[in-house]
Amino acid sequence: MKCLAIAKKDLLLELRSKNMINFMILFSLVTLVLFSYTMSFADLQSIAPSLLWFIFIFVGMLGLSRAFIREKELGTLDGLKIAPIQANSILIGKIIFNLILIYAIQIIIFPLSIIFFDISVKNPFIAFLVLTLGNFGFVVIGSMFSIFIINAKVKELLIPVLFLPIATPLLIVSTIALKKSFEGLVISNEIILIATYIIIMSTIAMLTFDYALEE
Amino acid sequence: MRNRIIYALSYIFLLTGSYLSLLVLKPEKTLGEVYRIFFFHFPLAIVSYLAFAVSLVLSIAYLRSKKMRFDDLASSSIEIGLLFCVLATITGAIFSKQAWGAYWSWDPRQTTTLIVCFIYASYLALRSAIEDRETKARLSAIFGIFAFFSVPLSYLSTRLWFSLHPTMITSKGMKLEKDMQIALLVMVIGMLFLYVGLLSLSSRIKKLEREGKTFYTKS
Amino acid sequence: MKILVENLTKKFSSVIALENISLSIKEGEIFGLLGPNGAGKTTLIKILATLIKPTSGRVTIDGLDIVKDKHKIREKIGLVSHETYLYEELTARENLEFYAKLYGTEKSVNTFLKKVGLEDKANVLVKNFSRGMKQRLAIARAILHEPEIVLFDEATTGLDIKSRERFYSMIKELRDSGVTIVLSTHHKSEAKLCDRVAYIEKRVLKIGEVHEVLGDS
């Protein structure tokens, strides 16, 4: 699968240079420490789900766009465009890469946050599922919107402006779901909503990515 | 000429509707005088959603045909929709304060309307950040499609949140008598005509800008 | 005709880059595009490479339309630009293997490394290559899938004389193996490589053999 080749290439590049992942982990750690230092445990327990998603989204926003910005900067995006591959393969490849990146960060940060914030997680498997699904939604949108960013002026400032409003539904439901998973409650409604979000947004992305690349 | 007719019609309907809703109709059973602002809030809200729906169709039309006219129309429709949506949010908040004591209750409809304002504001932000005309049209058309579908998703998600954190607001207990319904209908039609008139004007200005026939050009 | 361009116009917003261009390129020839900077040569090459869509007019390659059949055309085309399309943090071999996967070729990349004389640098990171080596690797990248047409867009920019000579001999080798070549340049020495050239300044001002167009000995 050609999209896998693209994902693999990006992973290889990232492993060699580590310029994105180091930054993202550092950013998350600093934020984590900052919040656990400045807020009481009681407050933290209640806002932890929102805070965690907040950290992951911000880190994600900065990191996800890099995948495409780097291609444009290096000039290699054209090299991908003239290859006999479906335009969607490029998007899927980037999504896979970004997913792996975000997971890598979460695997480190999530356990640390449990320690720092002293939160109790009643159902870790469900929490993991929530993180997985939420990630997927954010990564699809973030990867797709990166195409808009590379064509715009003031790239970095535009990322949160474009991303956050449209990601708001996902953020709301994911936060509720994460919080419920900490408390061990049922989250079937939330899962359905997140899945709906992912399906709708992915479909639009797959249908329109071709148009996004053409000139 | 056709535009003048549309504006005239819109004035007539809006004026009539305002007169009816503000002066003629009697105070409502549960809400008293306050409900009158609903006659502005509801038409604004509904026409804004219509404007966004129209923008979806226009965005898709642009992507398939690449005719700039569709982009002019789509972006104008969103600009007007956003304006109406902001006004709907404000009138909604005023209504909420008078009727239930708080400007904001985080109820699904109110919150969704606010989120929708932000979503379409970001559409305009995207447009202003891209210089090349064709790229701007193409990418904002795609973004417009995403934006539209986030509206129902926003509604569903705020409804989920609200079901878990209900505030003290009860359901919108307002009974509309026959004469109130008529006034409301008049206002909605008036707003519709206003939307069409503004849409036509705005897209025509954009077309002239593209052709370089205006005094100063906005990109 | 291998490549047929009919009444091609390309506008970027209101700027006309190419106006009503028509030309035909025969199979197996080296066809040159000459002209000053901003003349539209790069735009024309990018259209042939399926990177940009024409505003109006028709371009066909082997009878395939450049817009409708762009997938099939991409299999037949290789592009060497002044940008290398290479990933600096990967080795030469990794770069070629990546593109080989994209183009779906089964042939070993070693063959192509050998062809451009870089087999002993296969495991060196591209960022440690000289400009000349990078361009040679770019050629290898462009011919991995054994395309019928290779487009060169001012590809010798930044090369010293020796590298440039090497480049030219590779181009001739390609032509001798049956590949059609389209070459855009503003160096007279490169123009002399070509069988025919077109002088372009938004429109085609002259087509013919090199000495006809350039009007010298």
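To keep things simple, chains are lettered A, B and C as they appear, and every chain counts its residues starting from 1.
Here is the rule we use: a residue touches a chain if its C-beta (ideal position, glycine included) is under 8 Å from a C-beta of that chain, and two chains touch if they have at least 3 such contacts.
From a predicted model like this one, the values you see are computed outputs, not experimental measurements.
**Q** Hey, how would you classify the chain contact layout here, line, ring, star, complete or other?
**A** Shape of the chain contacts: complete, all pairs touching.
**Q** Could you compare the number of C-beta pairs in contact for A-C with that for A-B and name the larger?
**A** Of the two interfaces, A-C and A-B, more C-beta pairs touch across A-B.
**Q** Which chain is the middle one, judged by CA centres?
**A** Ranked by how close its C-alpha centre lies to the overall one, first comes A.
**Q** Please tell me the distance, in whole Å, between the geometric centres of subunit B and subunit C computed from their C-alpha atoms.
**A** That pair's centroid distance is 51 Å.
**Q** Nearest whole angstrom, what separates the Cα centre of subunit A from the Cα centre of subunit C?
**A** About 38 Å separates the centre of subunit A from that of subunit C.
**Q** Per the centroid of Cα atoms for each chain, what is the distance between subunit A and subunit B, given in Å?
**A** 31
**Q** Two or more other chains in contact with one residue: find those residues in subunit B.
**A** As it turns out, subunit B has residues touching two or more other chains at 132.
**Q** Using the touch rule from the top of the page, what residues of subunit A touch 2 or more other chains?
**A** Residues 214-215.
**Q** For subunit B, which residues count as touching subunit A in their complex?
**A** Answer in residue numbers: 63, 115, 118-119, 121-122, 125-126, 129-132, 135, 138-139, 141-143, 145-147, 149-150, 153-154, 156-158, 160-161, 164.
**Q** Under the touch definition given earlier, write down the residues of subunit A that touch subunit B in their complex.
**A** Against subunit B, the touching part of subunit A is residues 141, 144, 147-148, 151-154, 158, 161-162, 164-166, 168-170, 172-173, 176, 189-190, 193, 196-197, 200-201, 204, 208, 211-212, 214-215.
**Q** Which residues of subunit C touch subunit B in their complex?
**A** Of all residues in subunit C, those touching subunit B are 12-14.
**Q** Any idea which subunit C residues touch subunit A in the complex?
**A** 49-53, 71-72, 74-75, 77, 79, 81, 83-90, 94, 98-99, 101-104, 141
**Q** State the interface residues of subunit A toward subunit C in the complex, per the touch definition above.
**A** Touching subunit C from subunit A are residues 2, 5-6, 9, 12-13, 16-17, 74-76, 78-85, 214-215.
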